[in-house]
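Two complexes, one shared chain (chain A), two partners (chain B, chain C).
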Partner chain A sequence: MWFMAPAFAILLVFFFLPTVFNFVYAFTDWSGFKSSINPVGLENFTDLASNGTLFRSLRVTVVYAVLVAIFQNLFGFGLAVLLERDTLVNRVARVFFLIPVLMSALAVGYIFQALLKPTGGLNRLLGIDYAWLGDTTWTIVVVALIHAWKWMGLSMLIYLAGLKTISEDIVEAAHIDGASRWRTFWAVRFPLLAPAITFNVATALLGSMNGFDVAQATTGGGPARTTEILNIFIYRTFGQGLFAQATTMSLVLFLLVALMAFPVIYVLRKREEVL
Partner chain B sequence: MRDTSFLRRSQPVVALVLVVVSIGIPLWLVLVTAAKSQGEALNPDLSLPSEWHLLENLGQVWTQGEVLWASLGSLLVVVPSVVGVLLFGSMAAWILARRATRLNAVLYALAISGIVLPPAVVTVVLLLRQLGLAGTAVGMIGVYMGIYMSTVIFFVTGFVRTIPDSLEEAAQLDGASPLKVFWLVVLPLLRPVLATATILVCLYVWNDVFYAFFVIGGRLDTLPLNLFRVASAGLYLNNWHLIFAYVILMSLPLVVVFAVAQRKIISGITSGAVK
Partner chain C sequence: MKTKWTAAAAAAALTLGLAACSDPSVETSSAAPTAPAAWPDPTAKLDGVKLTIWAAQNSNTVPKQVIAGFQQATGAQVEVVTIPDPYEQGIQTKVATGDKPDLAFWQPTASMLTAINARTNLQPLTDAPWLSQLSPDLKDITGILDGTRYAALITSPAVEGVYYNKEVFAANGITGTPKNFDEMVEVGRKLKAKGVTPFFEMAGDKWATQWWVQVQLADAAKDGLWERINTGKEKFTDPTVVGAIKTYKSLIDEGLFNSDIKTAKFEDQGAALLSGKAAMAVQVNSFFGQLQATADTETLNKKIGFFPISPSGNVGTFIPDQSNALVAFRTGDAGREAAARQLLAYWMGPGYKDFVADRETVSLEPSVPSPAGVPQALLDVHAALPEAVGSMQALAVANPDLYLNLADMINGTMTPEKVAAATQDQFEQLAKAAGASGF
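This part shows the complex of A and B:
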């Protein structure tokens, strides 16, 4: 029994206790400007809701997470299918697509900030001067694409592993039954990838809801706070000494993830069982 | 079938073009910009530098960015976190996998909830202050272990369930203490899954800036924190040649490790995820 003690002690002190504190301090006026901490009820929530910050941050976070999940899986899946055969070219290509996974997300953000500046490399290459990171509508899509670019190599690996586990017999049986390559792929192999899809969609959603580095390094939450995901807000208000507001948003993130992740995983798992 | 063979023949070309466009261009931008003089790097683009200043810039960043201290700071935090989380995590996972009591089922559910739920990053700072660990390496290590303990327990418990327990029983019958059984029998068997977990946790902790900012920001330097500071500081504004020189220095260790152990890492990551 005492074998479990260290792990659970660490979990208790550094994970569960702070989470419990989250539920307490979100209802106080804790800040960097005074030493006493008093309960204030729902004031933090009503403040954040009334100035629109709460719902904007929530919307931005959800939109960002969904976009990243879509892009990262499309890219990862496309790459896995393209690079499936074990040729030399494919092996080399896979290694290259894993480089962004290894790099710091912050570094990735700076690279794309330089590449996408109005006077940056991409606009020169295309001969236009579009402000990729200064558009209040589309910049969130660009940032989500960058996030997906960083992690697509990992999704690719998982999909490759999933494709490898499908036995040759099933594919051959489909061929003998007269199914075309195209049909074999979509009707036989694709459904068998369900576990890989579950894993990839869930990790992409969770990773982007907890995202910070890419958005901070490319836009810092701008323009006009249209890419300000929850963690950027938490980082900013914490830096300003508004600890209670930061805690409140941290609690909101916790509830959002809990509300979003469990149903998603449940639905995806159900789909696996049907097969 | 003619179009399939055409697809087959064009596949390597498509793969190579994709690598060059999607990975090559960003990495090329880093390399050429890091090799330019300040004036040339003001507007980073894909052109070759008129004179190569790569070593000079790397040297400047090495001294000004205090890369050596930051690397030591990173190592000081990463190594104990990874070793600790793997050791304590697999100790707990071993028991959780082998003793199927109702209490253990509840404990397991609690232990892996951290995979999904986001850590309470603001209140953990408050807790660390109360414990006198704020801004210390010990506090940071604890927080990282708390965050990634769930992942390790999840992976290792799943793995332990797939290995037969006859070896452990034999060792027990021979009179070995639980500690001996774990250290001499179980831990060596866990090598594949521990390799996977090491890679993942190293990747996250080495590149993390968000949690580090809250816990040790301003007290202890790590590589990503330093990059963040360097890039956000007005001093470095538009000093893209230095930012990218820093990116090169910081990414090099992981890229070298990856290049050496590439095959193992790829099979490690993929074998863990899709089961």
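This part shows the complex of A and C:
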């Protein structure tokens, strides 16, 4: 067993310790303003709870994550079905849809910011004057669409893999039983995609809860902080020197992700049991 | 047995780790010197000494001339490292993790000196040799925290006031600049009646929204508004500040601002004022810097003027920024600390003449004349300084995000009362973290 000690030591220092500190500092008054770090109990939590900003950011984060999960899976699924057959055109198209996944999220954000600003390319193409990133109601949908656009290629790949692993025999059996193509797809092949859906929904939802780059590059949390997801709020708080408060928020985010992850994954896994 | 040993080893490693990860800036606090440090001769030899200066994207070219002169005179090597924006956040984070330069550009206000924990991290600049050379009005205007000087003011600090287009004023029969805030609003209404956009605001970039509120607080600031707020005797939610926010909102609702106020950016504001699309903008020196990037001094002298404003008259509100001053860090290396002080002494001493000439900026030292190329508007800004009162940034113990809340108000998601309440909440949070008494 001792030959594993170095590996566990590294695990301890680089994974376990930072996580522990994330918990510990949340209960202190660590800040950039003074040198000492004193325990303050639950004060950071009660302060944040009494201040509406945390809940607004949490709400924005959940709305954003749900929107991204929906869009990314709809797009990814649609693309996978569309590009399922292995023709040359389809292969080329798959590569193109995978390129945004490989791009820097900040670059994606800045490109869309330039396209969507009032004097940007999209408005000139459409001949209208609309501030896509300046609407306090709809901008979050636009940012979620951009996030989904960037990651839809990955969802597509996983759905494709799911579709490819469905045995030809089952599809053929359905045909012999007289099922239409439509019925075969929804009643036979779609349920068999359950594991791919579990993975895609969970990663999209939880990944976008930890999102930062796309929103920061497109709106920076604006307009009027309607797209200020929790990580942008944490970034801002940390930048003010309120390190303990920022740590508290990241702990809250961690708990939120955990709280959402377990039920979501549990429900999705339940669907797989029939397989 | 084996599991017991593993558990014990893990516990030991954890304790060690916890000890190793404490705040690295703690240890240096014990080294705080009590006696003022000696000031080396500005041109003494420093062969083999390497100094690092942290600068922001808009200040990294400021020291170029000075460094060249200093390197030649002393043999030291000076490197300027650009810290990306947001500059202050980047520095605070780096310093909190133990990374320090020898010198850095830093906003010399009490709240920002607190934010970088000046008592522990910075060298006191007590008895600096250049102080006697500074214009007496400006010597103690900023850079001091609890009676100790930590920052060296190198250029004329920024002033919040009104930049206006002289040609638009003249074309619409407005002779002479407004004598107080109400007169300025009246001028705005007159211009609006003639189809000119009176004021330009840039809520898309957010940060300048606070100037409109702050200039309205100039008289109150003279009466000790910020001292009262610092001690909790008055709040942002009390009538003085809320009133200023409400006035700002009512002027926007009246249509005295540009129609794209919600999305307009900093660059749009400069372009609008220079082209005469808008008549006035309440702004600070960096705005004029933006204009200088797009037009030459002659054009600017012809087109753009400046006047300070306050409810009772022409009183400016000063707000020194990061490009105006430098701080010297306590690095723990006595030789480099002395060299950093020497560089400052050179900058403000033998090197100052070349520095202001290179930067075409107003001189702070009466013995060094300002170069001829300084635009008139900047000279007017500088002339407003002795009379000016401190801004929130200069006088409050903490610097809340008033501008963010105001931008939210312009976007219609916050009322003036909510802006004040949110700002007060954040102010209390920051003041408490900074250890201000009463919070």
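Convention: the second predicted complex is superposed on the first by the 269 of 275 C-alpha atoms of A that agree within 3 Å, B and C clash if a C-alpha of one lies under 4 Å from a C-alpha of the other, contacts with A are read in each partner's own complex, and residues count from 1 in each chain.
By our rule, a residue touches a chain if its C-beta (ideal position, glycine included) is under 8 Å from a C-beta of that chain, and two chains touch if they have at least 3 such contacts.
Just so it is clear, the model here is predicted, and its values are computed rather than measured.
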Chain B versus chain C as contact partner of A:268, first or second or both or neither: neither
Which superposed partner A:134 touches (first chain B, second chain C, both, neither): second
Per-residue touch tally on chain A - higher for chain B or for chain C: B
Which of chain B and chain C A:21 touches, first, second, both or neither: both
Partner chain(s) touched by A:83 [first = chain B, second = chain C, both, neither]: first
Touched partner set for A:103, first chain B, second chain C, both or neither: first
Which superposed partner A:258 touches (first chain B, second chain C, both, neither): first
Partner chain(s) touched by A:223 [first = chain B, second = chain C, both, neither]: second
Partner chain(s) touched by A:1 [first = chain B, second = chain C, both, neither]: both
Which superposed partner A:32 touches (first chain B, second chain C, both, neither): second
Interface residues of chain A shared between complexes with chain B and chain C: 1, 8, 13, 16-17, 21, 30, 117, 238, 243
Residues of chain A touching chain B in the complex: 1, 3-4, 6-8, 10-11, 13-19, 21-22, 25, 30, 79, 82-83, 85, 87, 89-90, 92-107, 110-112, 114-115, 117, 119-121, 124-125, 149, 154, 157-158, 160-162, 164-165, 181, 195-196, 199, 206, 209-210, 212-213, 217, 231, 234-235, 238, 243, 246-247, 250-251, 253-254, 257-258, 261-262, 265
In the complex with chain A, residue positions of chain C that touch it: 2, 6, 9-10, 13-14, 17-18, 21-23, 25-26, 28-29, 86, 88-89, 92-93, 95-96, 114-117, 120, 204, 206, 260, 262-263, 401, 404, 407-408, 411-414, 422, 425, 429-430, 433-435
Residue numbers on chain B that touch chain A, as the complex places them: 4, 11-12, 14-16, 18-19, 22-27, 29-30, 33, 43-46, 84, 88-89, 91-92, 94-96, 107, 110-111, 114-124, 126-127, 131, 142-143, 145-147, 149-150, 153, 178, 182, 203, 206-207, 209-210, 213-214, 223-224, 227-228, 231, 240, 243-244, 247, 250-251, 254-255, 258, 262, 266, 269-271, 273-275
Chain C-touching residues of chain A, taken from the complex the two chains share: 1, 5, 8-9, 12-13, 16-17, 20-21, 24, 29-37, 47, 51, 53, 117-118, 131, 134, 136, 222-226, 236, 238-245
